[in-house]
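Each chain carries a letter (A, B and C) given by its place in the written order, and its residues are counted from 1.
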Amino acid sequence: MAIYPDPTALSGGPATTAAGPTPADVAQADADVEVALESLGQWQLAWRRFRKHRMAMVGLGFFVFMVLVAIFGPIIVPYDPLNIPGSTIPGGMPPSLAHPFGTDNDGRDVFAMVVNGARISVAIGGISMLIAGIVGVGVGAIAGYFGGWVDNVLMRVVDTFFAIPLLFVILVAARFFGEGQVTSLILIFGLLSWPIIARLVRASFLSLRESDFVEAARAVGVKDARITFRHILPNAIGPVIVAMTLIMASNIVLEAFVSYLNFGISPDQTSWGNALANAQSALGLGNWWWAFFPGMAIAITVMAINFVGDGLRDALDPRTRL
Amino acid sequence: MGTPPPPDVLLDVRDLRTYFRVMDGTVPAVDGVSFQVHRGETLGVVGESGCGKSVTALTIMRLIETPPGEIVGGEVWFNGRDILTLSSDEMLQVRGAEMAMIFQEPMTSLNPVLTIGDQIAEAVVAHKKVGHKAAWDRAIEMLQLVGIPEAQRRVKQHPHELSGGMRQRVMIALALSCDPKLLIADEPTTALDVTIQAQILELIRRVQEETGTALLLITHDLGVVAETVQRVVVMYAGKVVETGTVDEVLQDPKHPYTEGLLASIPSQGLRGTRLNVIRGSIPNPFRMPVGCRFAPRCPYAFDPCRDHEPPLEGPGDGDRRVACWLHSRPPFGIEHRPRYGTSTATALAQRTAGVAS
Amino acid sequence: MTQYIVRRVIQAIPVLFLISVVSFVLMMQAPGGPAAQFNQNPHISPAQINKWLADWCLVRQPTVMDTVREYLGWLGVWNCTGGSFLSAHGLPNFLPAFLGGGTNGILHGDFGYSIETGQPVLQMILARLPATLILMGTAFVLWATIAILAGVLAAVKRYSFFDQSVTFVSYVFYSLPTFWLGLILIFIFGVTLRWFPVQGIVNVRNTPAPFATSAYWAAFAANPLPYLYDIGAHLVLPVVTLIAVSIAGDSRFVRSAMLDSLHQDYVRTARAKGISERQVIVRHAFRNAMLPILTNLALEIAFLFSGAIVTETVFSWPGMGRLYYDGVNARDYFLLMGILLIGSVLVVVMNLVADIAYAIADPRIRYD
């Protein structure tokens, strides 16, 4: 209900005289600043806000580091985690200079396991997150776009996913269908974690379908499909990205748990969960390092991702503008 | 620090400053606001959206949330004491009892999970030291006063069962339930239908007369001001730019901003034509103009306006005051050379000539 | 209100149906299949196995139609022995047995037989129920109380030391893998400090019979205190493991719901009345924040079930989660389907209860 919000009236002010800038000039200069702010674009603005979030930047830094470890670590680290040296001590050796994280039952270096495990753990978290994002956005958009019975059916399916305790299904799927394969596990995690995203996307459809700018787009004859992709989806992207970070974090943990139960990655490969698989028995001997370090790797990575998610939440929320 | 105002002045706001510290900087939402409300009087505060009207009202009620808000300076003398110096416990005795407030949004201002009777009775119990039964009776009585039919039944309903206009009546009943000396109404009709607006205003005027409370009416509707108030404060970008009686200000606006506000009222028979609006928009709160805050939008602005803040001074005697270099003697050493082009400006400049030289 | 409840119940029906389909498809499509698994079990007589295979429409290499029949038979709509939708009495099979319907199938309360032990599935689940209920019940009460208290206080004292500590602690715990936290707790408090037992629900050396048998309950009833103490000591680490991560997430949820509520217009109205800050917070802000908190708690019950698997496997807790884990290892199809179905139905029912509680707490719902 602003009384005079009409910046367009600014153009075409009177000519400048020698006495100094006219009011219109001053106002124009002011408006230029505003325009410059506007044209920064949604993403640049978000990035600027994100940078102000200190923990999010720390999280992002650590996450990038972990991705680099996942890619290059196995090349650099001197121990082959699956190469079992002759001397094996029950419960492994404590941390030392040669083995900073100690060794396990079979004399394998825990540091090497953590570094090498990063690859599979980060890949499972990351790719399953992408799958969940694609399926979730697709289902949510279809439900929101078509509405009616399509929406009803899809949402009951989503409700079902929310009602079934996810871990129950994941255990069965990992054991019966996973066959220790990384790709199967990625598919299982991805295909079981999309419903939350579908819900978010559909919710923003419901709230945006009737909103002013969508009405406006419709009024000037923009096609519905176009409205969906140009106007509605970009507005849902904030919560979706935040939810995706959460999915990535929780899938890294799920992989670890499933592998810890020996239902996940086959033992001849290394993931953080596999590294923990036989650690429980060592704890009874007081040998904490075997369980401690891989778990810390998971915890810190997950925390970094959560920090990034938090920063994104603040940066992408239109309400924190200004 | 300051001295109390004379007893007939119920509320004396002096150089009040409330700033908000947000992520991108400091918003000087209220920046040196002064005005007085006499006992039983109605004062109007006008100004366009975002000029700090609500923040002024909330500051007087001490309802500014800290952080991000902070009352950084000024005095608020109310009923003989500076309430900015009261502890928050002492303030509980003032708020709701001696001064009460009606908000802009009747749809969200009532608690959805409590009955309206509970919400009114709660205030009565807190201030009148009466039992629940008496408070409940008082609630019914107040609902009747504000013209809610079937008050006995309505009192047990929840807010969602009432229309917007009815809810605003409930808010008024709630505000008046403890016989406050000052009622602050922050755009009480903005969110309502036009027909309902008139009813609510009429109601406010009536109950004010009946109860004799003073009224601080915040609005950006000059029509409402003309009909309702005795004196007006015009605000722009956190500052008072002009004050005076309603006739003085509306008939003979001295500040170019007030002039623009008046020009933007659609006159009878001209509905649908383009309004004569003030160009541009309110300044960016993080980059307030150094001189007069209105200068970038002012058609009459000249050099001193951009560098020096005009004081709020009376062009004559009485309560009439205006903050504009067109009406004040500029500081020493500043060349005073207004530029003007329109006929109004010519008239203004001529009027100014007497003051300035 | 009644209308609202009825509508929610009706909405739950397709979900329950889908749950049964998902449970079934997941298990039956698994490699091997129950028919083969039953045949491999040497502990059960071939005659018994053949009877079960016939009763539950189990075929070794099922076609699509066989699978549909298996599903309908498991549901209790199809009469496997008779090969029709009618029961032996010639009435629709889905009717309760006392009305002349069938007897096999989950609609009749018959969840089939465990491949591993040959016992009825329902009996096995019920035997494990007390341990799970004790664990989850204790966890839920503590979890909700602590999360709400911490979240509300943090919101009210925003930016205070307490608030920042809660935020920090919850960040840390929220990121911990539950099972790993369990391992670390076992190491610190079980192995190193020896404060708490780390396995099972009771100390088997001090009990006359295994937990939850009638002999155990008899001894328990005779002298409950030491038994309660025993269970309590065993509960500490699993419960902490189960709730620490959830509390971390939920206290942040409660905090933001409460902050949201504290910024509502009606809270400002309440403050403007001049009532005490305590009343503003309890009567106005908290009462309204309770609504989203309640919904969230209900949604998280499903997570609690998942969490129970984690804790029960790490601590060898003899509950449904552990039973499920063993079932997965043994490919005990009927058992897995039964637990999955019962767990999901419980979640649906609890969500329904929460919805109804919500409707009672929020007067606006009644007229929706």
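Just so we're on the same page, contacts are C-beta pairs under 8 Å (C-beta built on N, C-alpha and C of every residue); 3 or more make two chains touch, one makes a residue touch a chain.
What you see is a predicted model; the values in this text were computed from it and never measured.
When every chain is reduced to the mean of its C-alpha atoms, the one closest to the centre of the whole protein set is A. Across the structure, the highest number of inter-chain C-beta contacts is found for A-C.
Averaged C-alpha coordinates give centres for chain A and chain C that are 27 Å from one another. Our note on geometry: chain A versus chain B, Cα centroid distance of 47 Å, whole angstroms. The distance from the centre of chain B to the centre of chain C, with each centre set as the mean of the Cα atoms, comes to 56 Å.
Residue ranges of chain C in contact with chain B, taken from their complex: 159, 263-266, 268-277, 279, 283-284, 287-288, 291, 361-364, 367. The touching residues of chain B, counted against chain C in their complex, run 61, 63, 65, 67, 88, 91-97, 100-101, 103, 105, 108-114, 119, 122-123, 126-127, 158, 160-161, 171, 174-175.
Every residue of chain A that touches chain C in the complex is listed here, in rising order: 156-157, 159-160, 162-169, 171-173, 175-177, 249, 253, 256-257, 260-261, 263, 276, 279-280, 283-284, 286, 288, 291-292, 295, 298-300, 302-303, 306-307.
Interface residues of chain C facing chain A in the complex, by the touch rule stated above, are 11, 14-15, 18-19, 22-23, 26-27, 30-31, 171-172, 174-180, 183-184, 186-187, 191-192, 299, 302-303, 305-307, 309-310, 313-314, 324-325, 328-329, 331, 336, 339-340, 343-344, 347-348, 351.
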